[in-house]
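Going in written order, the chains are labelled A, B, C and D, and every chain counts its residues from 1.
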């Protein structure tokens, strides 16, 4: 897919996410692959449903530096860019979505003090690459920080935690979520699947239907200790 | 209706269902009648709101074999196809809708261990062919299986159960629902009516308003035993 | 407004109401004034968001007879037509909306055994002609009947009840609501206002926020007895 | 931005707000800056999603007099205009939004007898100018009055209260909210952020998740008294 098509699809997805109330108030963001192997990133402080193709930046995956500016020189890339490049490097993906969907905030609340939520017994788990509907899927929950760039350290710890190897997303308490995929289509599918799953665990918990078992945070090492 | 019109309507309905959050994350599906008496079926793994008319397969009602491929030879027909042809054969219908609507998952949860939910005291029951608003309507609930094709056996049992003769749909626990009709217009009407009814029984149950009576699963034979 | 414009607006409003989930599954209906002082009525059994201007009937206000058929001779006027003409005669209005909105069913449930719900302490009351936000507004609730035409008797009793003189709508238990206005713009405003008000009383009741006081059904005569 | 563009954007925003159910039943309103430093104000009694650019009034910031009428001389400016000019004068802003969103009514209910709600621990606080996600943000709640113009006195008191210096909005009990920003883009961002925040505090309160601490109304002087 050429950069021009990627740019068109990114702004179209932002409009779709706005309609679903996943991004609003200029919050949220998205990136996709640029032709030269880096990331096309939306600008900060802009109403996301009104981003135009020429408003996107090309950001270097290795160090988050700007490789190509937006046409409007007053724009700056989204602060999410540091999370985006980290996830891109660590997971080898090129499309990451960031939303403030209320359902993801409530799913984070549901975790209480735990460092993850458990999602199970839902066909939609198959919407996440590699999962079956028999899996007990752990989605990490990290604490929010004053600035988005400060989330980098905890995202990095989460990405290194083998309990979360199967996760293509992370919940940020009081904030929302990041979801990724190899390309934009997988990121879109994962975004839709996770938002559905977050909504489902919250809806089930408040009705007492098949509540997920939230377990205390323990490292794999501790669990494997004989 | 010629195949071309059927194809256009099928992709339009998928877009409508996506907007209503009934299909998402590439999940869900639909089929309609082909001119030669078989089924036009959407492909698997595709974002359903973006299916194009030429992406549809003609699938043989008798054995689920492919009679005509999609224009894009990389596509495969939806795994639902086995359920679609089964329902088409057993009920003599040609349009079946499969959704993951959260409301249908919660309606399945509401059934608890029972093998059905009861819907009653709702005018919208008239949206289902043959029903009046005085009926006590039983919608079967079956357990989910690892693969969609494995649902065939329990769907078949449900279709053979005389308690469910009046049903034009089945809930799949943790998964969603299948809804059918003679043609696409009836399938659409039944899909809208059932999703409304599922939402209504869940909304009433959580508020304690006119809750449906969920009865233990008993066969008609047992009930009729003197 | 000429008939052609009225027809255009009626089908546009049906599409809007479908998007809001107020009409679905071919249910619901609407009428507006015809040039000759009678009613333009939507057909029955048609997906309401797909009604075309030429699908509308002109129905006689005095006896519900058909004055002008739809272009498609297979169509029949909505069964609501008997309610529509009754309200038109008794209230002197020419536009009536009928919806199955889940919020109106839940508002009816909220009434319990009472024959009305009370709406108070809401600015949106001003959306109903003649009301202030200090009013304690009674909306009648009648029982559903097997056929829509059978509702005529209880709608008539409700229209004759002085407690409900200020109401421009009626809730039908397990069914939905009828809402009216002098012309289509007032009917639209009343429809939006009542659906908001129904949603508000249900939302407040379930959270224990400012619940409406539901009083036992008493006639004005009893209340005025010294 | 020239008046023509401002007019276009104002009517576009009204359509967006209607789709989000923030304005309905002809309720709600918006204003933006006119070229001559005053306010472009929507008319009263008009279905807000159908306002046309030529339906807007230019209203004098200093005394709410009409500087330029709408093309249709039957129209009158929204009764909100008195609140709009007050906020414009006191806060130096030129765009104010008024909605009846149910979420803002429920957020007002949540305040109980207090004169404010507290919003905290939400990233979306950053959507409000000057706030961080570590702030404990107080949004004032004032009582509704029979006529909109009568709200002026309590809005004025609220604007003078130092506890609410950081607020760009006010909740009106049983009614909705007013939200403002320097220009239309900031007012839009604040409107989206506050509606999200109101929804979040209500959603958390009903589930017992991280409920905001509602404190009794005390003046800054009392709090600082040794």
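Going forward, contacts are C-beta pairs under 8 Å (C-beta built on N, C-alpha and C of every residue); 3 or more make two chains touch, one makes a residue touch a chain.
What you see is a predicted model, and the numbers here were worked out from it, not measured in a lab.
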item: Graph distance between chain A and chain D, where chains that touch are linked; value: 1
item: Fraction-based call for chain B against chain A, same above half, different below; value: different
item: Chain A-chain B separation of Cα centroids, rounded to whole Å; value: 32
item: Gap in Å, rounded to a whole number, between the CA centres of chain D and chain B; value: 45
item: Contacts with two or more other chains, residues of chain C listed in rising order; value: none
item: Chains grouped in pairs wherever the two touch, ordered by label; value: A-B, A-D, B-C, C-D
item: Contact set on chain B toward chain A in their complex; value: 21, 24-27, 47, 100, 102, 105-106, 109-110, 144, 146, 172, 174-176, 202, 206
item: Chain C partner contacts - residues on chain B that touch it in the complex; value: 121-124, 126-127, 132-134, 185, 188-190, 192-193, 196, 199-200, 203-204, 207, 209-210
